[in-house]
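Note that the chains are named A, B, C and D in the order they appear, and that numbering of residues resets to 1 at the start of each chain.
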């Protein structure tokens, strides 16, 4: 009984950690969003699990039943799911724009492009522009 | 008496429906390539789903539940078969070929169909 | 039996999540995440959360998968196997996981009725809502009446997300002209599909309306109905092309309706204020408090439904326009 | 009796899940997802009867509809994705 009593929560933790791992270890932004939604759902499971009572039924009142599960977590999670899809859509739109301006959605490539741009602008600021141009000319030759 | 008969009939329907679903599942797992898998899965799907839903209908009696079950049955009959058709067609168009027809894929009519699509 | 189904579904969920983490083909990842949300919706149903299962079924398995697929079309299908160092991430994850599991050891067991969660406001909702609000579905009465502020906020969040996506993925006139000239040939050959979809569309719309207005008595309500309605429109868009659908749902109308839903919600609140009650206190709307509650909940849910439906359709249109743009202009 | 049906459906879902993991081609995965969806519809219908409250069948209807729509979506977006790779290959 002891084992089964906490099984739900352990699975919630496992799912949360899988989502967390995908978010921090993978480079692809779409994959990160999928990981984020796994993380999100694990929180949903946690809330709904705490609301469940053994032997109870769904909180839609009916004279035939007198024990109902807790309706409050259901309300919170119901709205959270719809808000979740709205934020996911926003994230996907951002990913699409990133792909259009960087040509990639791998975090590493985006960062390296950014640092390259930064270095070039710094060189420019210190007056190294000529040298930079020269090197490109050399390459062409 | 009649109630007992209906109950037994619904049990028989539920059990046979589960049996067909199980066969489909095993076919989906064990068959060698896509077209034989879709054959196993979609046929048993239609039959198994209808049988299980009919079994539930006998349990429901004449209520709003019965109407909803009939709606699910109609939906699964139409949507399920259409989805299977679309899948098979898309796979065929993408250049996949049933295993026993690999050699026949160069035959004129199949080739013409592929060129057209 | 309930517990057995619970355990089996949870194990399936972990397996699916592991497979998602392992795969590099993003298309397969998205499809597995569709399975993941089907599983989670069944689990919600098993844990007595019918309304949540309803929402997860229509949102997670439907709209979310479609949005991911549309953006995969724009960003490419494969994840690059870059040289990330999983050991550090794995260490962090394992440490956090161990701490969290240690934290669960003190928690009250799953399903026990004397958990602190059940001692606070829930008994009041369950015992008094029938007399105070008169709606059998307690989730609806809590959502629309007791916690009306909260739901207003959520509706605004959805509206804001709609604005955000609209401004991020703008469509040029040139793209629109191009789309109108060329017939979208993507699904042109799927005749059976087109016929069946045409037959199913009115069914979906009627079902959405049923869910919208039956939400007081059974599972359902504005959020679910809005998403189902949007799913119907999306089905039509996928099979008959964007410009055909935009004749029925022009951009301006969608934007107007997205705002209208929020305004309706807020308007009900203001009306309550003007009639002498508190903000979103529906008792004053009619002579009888219970009738007032009924009217208030109906209007508020309608507002939510309108906003959710138009924002979802709007977002999907934006993504699809982008794919049209990429198809013709970005090479 | 409902319990036996529910258990069988869970076993079938496990098989479909395995096919979705193994899959070799993408179409196998689509097929597995579709099959998984229809089995979920049935499981939900049976679970409603198991819990003794069959008035929640609306959820099963939503599943049947959404499953259809998402399969169409996968097919529509995948067709294009494949064309694109072919174009790049040539």
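Going forward, a contact is a pair of C-beta atoms (placed from the backbone, for glycine too) under 8 Å apart; a residue touches a chain by one contact, two chains touch by 3 or more.
Since the model is a prediction, treat every value here as computed from it, not as a measurement.
S.K.: Could you name the chain whose CA centroid falls nearest to the centroid of all protein CA atoms?
M.R.: C
S.K.: Relative to chain C, which chain has the most distant C-alpha mean position?
M.R.: Between chain C and every other chain, the largest centroid distance is to B.
S.K.: When I count C-beta pairs in contact, which pair ends up with more: B-D or A-D?
M.R.: Looking at contacts between chains, B-D has the larger number.
S.K.: Report, in whole Å, the distance between the mean C-alpha point of chain B and the mean C-alpha point of chain D.
M.R.: For chain B versus chain D, the centre distance works out to 12 Å.
S.K.: Using Cα averages as centroids, what's the distance between chain A and chain B in whole Å?
M.R.: Their C-alpha centroids are separated by 36 Å.
S.K.: Using mean CA coordinates as chain centres, what's the chain A-chain D distance in Å?
M.R.: 24
S.K.: If you average the CA atoms of chain B and of chain C, how far apart do the two points sit, in angstrom?
M.R.: Once rounded, the distance between the two centres reads 29 Å.
S.K.: Give the residues of chain C touching no fewer than two other chains, as numbers and ranges.
M.R.: Residue numbers touching two or more other chains: 50, 72, 193, 200, 218-219.
S.K.: Using the touch rule from the top of the page, what residues of chain D touch 2 or more other chains?
M.R.: Each of 13, 30, 32, 51, 55-56, 58, 61, 65, 67-68, 72, 78-79 in chain D touches at least two other chains.
S.K.: Hey, what residues on chain A touch two or more of the other chains?
M.R.: In chain A, residues 57-58, 62 touch at least two other chains, as defined above.
S.K.: What's the contact topology between the chains, one of line, ring, star, complete, other?
M.R.: other
S.K.: Which residues of chain D touch chain A in the complex?
M.R.: So the residues of chain D touching chain A come out as 51-53, 56.
S.K.: Show me the residue ranges of chain C that touch chain D in the complex, using the header's touch definition.
M.R.: Residue positions touching the partner: 1-2, 5, 8, 12, 15-16, 19, 25, 27-28, 31-32, 34-35, 38-39, 41-42, 45-46, 50, 53-54, 57-58, 61-62, 65-66, 69-70, 72-73, 77, 186-187, 193, 197, 200, 204, 207, 210-211, 214, 218-220, 224, 228, 231, 234-235, 238-239, 323, 327.
S.K.: Spell out the part of chain C that touches chain A in their complex, as residue ranges.
M.R.: Listed in rising order, the residues are 3, 6-7, 10-11, 13-14, 17-18, 20-21, 26, 29-30, 33, 36-37, 40, 43-44, 47-52, 55-56, 59-60, 63-64, 67-68, 71-72, 74-76, 79-80, 82, 84, 86, 89-90, 92-94, 96-97, 100-101, 104-105, 107, 109-113, 115, 117-118, 121-122, 125-126, 129-130, 136-139, 142-143, 147, 150-151, 154, 157-158, 160-162, 164-165, 168-169, 217-219, 223, 227, 308, 311-312, 315, 318-319, 322, 330.
S.K.: Sort out for me which residues of chain D touch chain B in the complex.
M.R.: For this pair, the touching residues of chain D are 1-2, 4-5, 8-9, 11-13, 15-16, 18-19, 25, 27-28, 30-32, 34-35, 38-39, 41-42, 45-46, 49, 54-55, 57-58, 60-61, 64-65, 67-68, 71-72, 75, 78-79, 82.
S.K.: For the complex, which residues does chain B have touching chain C?
M.R.: 75, 78-79, 82, 85-86, 89, 93, 117
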